[in-house]
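Read from first to last, the chains carry the letters A, B, C and D; within each, the first residue is number 1.
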């Protein structure tokens, strides 16, 4: 809609598995009076869309999706692109424990609501040991294991199969000190086709020192677009390692700093670069109560979604008109240079 | 300076022929107290800088220079780049003739001041026939032919040789109806080395219909970074062709609409996309009396220079911090989804 | 509504003759869910409201109404007031005649739509003689005299009686050179009570030199809140007198400069101070096609209505919070002064 | 200077005792090239300035000074005035004690730097009992009693005599439970004339409950434009009384909330209205490290000083120009209403 607001004629393409939904939205817009020629929709595979982009030379492209396709598009389109790609999003719990039930509930929501299929999902949790001692992980386990297919608090995964999620879980569990907190099993009693994923909400604990090792860091920070998260623990004195981990992640979409200690909060904010960062004891990585700018930071190609400023950035650009209607100066002022 | 204001640590590279000037500027900054480690400077050929960029993976790059290098950089850096490239800048003179001497003086300044070596130089002039009848071209000829080496109103060209400029002139003069308005000859009585260019201020007239032909359009709209311009004439009824020419140019840096007819001005503005556009009888393509946003429009990679907004766009980015310190809602509000 | 948006608890009072309408609006708000305690409404005469204001000491007051009451309120409330008062609004027609039918229609609308009862109504028309020669006054006469009660294009006046409007007309007609362009008669065939006014749309022509004389200026620029306007004519060379008249008027609500000559427009804008000023051949004094800031200029008490900026000015204020959470400097920095 | 930046022609008047200083500043401006006719300066008593204002009918007036004169001016000028008047400024120390030396030093600076003669001086200190137990008052006493004439850390008072300050001190000490923390004596060994004040830095402690009594509140919250402050103490549970005291003060210039407890800070901010409010452990009432908006809040007459927004508010106003150059709609759209 932002593209339309700014007067563009967009060509819309979404993953062919959900493209039918967008078509219905467009038909709804037409029903409400939108001119049918204002938006084009392309059904089909991404390769077809890629061919069209090459031929059409659009002025700008907004891409939301995987990091791999994003980088390829950036090259093919010579950088004429805005990206809102990979979301391996972190949450840091500070040393000040309070409102335990609320924080546990928010962790469960951030990681597993919508079966974890949102680019803002909580992918890794850095819990200060004070929270672990206070019983946060038990509380999260209680919440996650109560999710079930029958009330739709868990469901099918579109882009990862059951096998690929469980294989990824196994790889993580081979890291020294790793342990399964909960999940790690297929869902049962359902008719979800095999091309989709169907697993219980899952969390794997990895010791902080192990997660930071170069041989593990890549797999630990791989985004699973499903009901899956990594959990780790840090103690006083280990904040530099936590911040180092955040810095080494390649993409910086959302993040949360759960603490009401203003000096702790300012220190973490001053040493990280994520685009949409929630801070305070109620901090979340996803499902913001109102419509914020949503997008990564630290990359000139970074897209923003939602607010007027974000729409202006992505779907318009600055144009400077200087009016100079006169009067003209006298001839004596007109010298050559 | 914008990069520094926003807290970056820039690596600076300029063409090796003028790099010595920038070094002196940095030394001046150091003399005034700037920390020597805040900016790095690389002397050397562009290929070396390209290698460094590949290895360093900078968060962002601002490139000012030729269109060819710009497109290559955009691909190599996966689009993490802002461009302020080619400047084939146009000026349209509307049907309302007034302040003839001033407009002629401004045309001469825009095309030939600094020996035409500025990305905002006037590269093509679309003069309404009312201006031609009123004698504008004669007046410009008088001004341009009075420029001479002895008072530095003309000088050496750094990036084009004398031969390449004169060859380009000859190619244009082969277009049917083309004629040389003035110039087209080497400067004499000087010791400028042959690797540089030394030509008289030059203007070639091309009939509008011929300029628009596909076989001529490319050469007519080739930017010469020196004292050179193309002139053409349009009549009532031909504005659509003029606007079509402006639309077909591939880059959109500066432009000028010389007219105090507000409806004419609005029509041209509404049908063009240049970034920094001056309008009104005093309109210029270059040398703005104050510091405007300076940059192209219509390209997500378009850089801006000069104003706070431009510096923020290129050297910083939006980061959204949402504080949510509490209080937390009661347990009954915490349901899973 | 602006007062509510900014979190105030307003006490609302409107003229007792139309207060019943506002009550219905409030009941509509309550029906839609507005908390009944968020706004108070006072039915009754202005004197009662004055007494309440004295006792309640509200933080701020917005007054819309007559200039006389406005000035008294400003004193009684020690200046804690925003005013949107008298609207004796002018329209200047520049020398460039075009779109005659449209301009005549707009003049008729500005002066007589809503029976002229709007603070933005056109109260005086300064027509350049080119417009008079082109037949503008005849065209306005045609339009105004076609208004009639049966289709509601004219109606009762709430705050002036028939007699007071006609008496004012007679006073103006005693000025040397004055003449009645049209109207000046009571409406017939109706049952409008005598406490209200019922007159034909009326225009009185006054020669510019006469209007400017100190003995006439006051009566010429008296606002009639009804279907009434003054018309005058100016010629090349008389613009300074026109601008002088605009400057001498005591209040500066809306204005219109009807011209597409950009230099004329800029000259008039640079020499006047009205708050909401429309310029261009389509300029109006009232009935703006979208929601502009609406309010006077040049007075620290000037209220604005409509836009977010206006609402912020009147119903909120700047408050500056500076956070300074640390860290603290070392003791050696702490010296007394 | 703000008045000049916005294009006004100001008439400047300052208290006749220091008017000579402003004259020298103006002469400096003239020396630097300022046109001598751009600012007028009036030497003389306030009554003369009042007469001039009545005759000149300035478009706007900015008054900085006593509350009494401010209110009189507001009436005389019918509210065409901006006020930056009385500054009885409070500081609240929250329950979280830290950085004791720094906070004590800041309290001493806020109350006694410039001999307390600044409208942002700390006039009353609400110290949580945790701070009193930690020894804050002793530390402030040490600092204040080390101030002396010889190093200019204390000096003459322009607008209060020695006798009037000491009489005020005595009145406060008659309140039950009041005690002198330090000071309360004339300075000795000097030649300051009797028309000025010369007293030691002074602090009087008043129990919170006594300060809130209607018979004492007026004298407790009387601003002394000199080296004088009131100190009181509050305990857990008494925050509502502290906030009530802040609410009952009649003017709201600066304030400080000294705490790094973000929830405490937000609660106090949400229940007070002061214009320039510093929060955090480094919070001050005066001497801001950079140039903030400085002014009261909650009063439509409230002036702001310092920032571009403040200058625009006081020395300019919103004026809305709507351009509407066409084209005009076809005749069929022109209906009367």
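List of remarks:
Everything that follows uses one rule, which is that a contact is a pair of C-beta atoms (placed from the backbone, for glycine too) under 8 Å apart; a residue touches a chain by one contact, two chains touch by 3 or more.
Not measured: the values here are computed from a predicted model.
By residue number, over half of the contacts seen at A-B repeat in one listed pair from C-D, A-C or A-D, namely C-D.
When chain centres are set by their Cα atoms, the one at the greatest distance from subunit D is B.
Between the CA-based centres of subunit C and subunit D the separation comes to 38 Å, rounded to the whole angstrom. Between subunit B and subunit D the centroid-to-centroid distance comes to 52 Å (mean Cα coordinates, whole Å). Chain centres here are Cα averages; for subunit B and subunit C they lie 48 Å apart.
Taken residue by residue, subunit C touches two or more other chains at 260, 262-263, 280, 325-326, whereas all remaining positions touch fewer. Across the interface of their complex, subunit C is touched by residues 59-60, 71, 74-75, 77-82, 99, 101-102, 105, 108-109, 112-114, 143, 146-147, 153, 260, 269, 273-284, 288, 292-295, 297-302, 304, 309-310, 313-314, 317-326, 328-329, 331, 334, 336-337 of subunit D. Within the complex, the subunit C residues that touch subunit B are 260-263, 280. Put simply, subunit A touches subunit C in their complex at residues 262-263, 266, 325-327.
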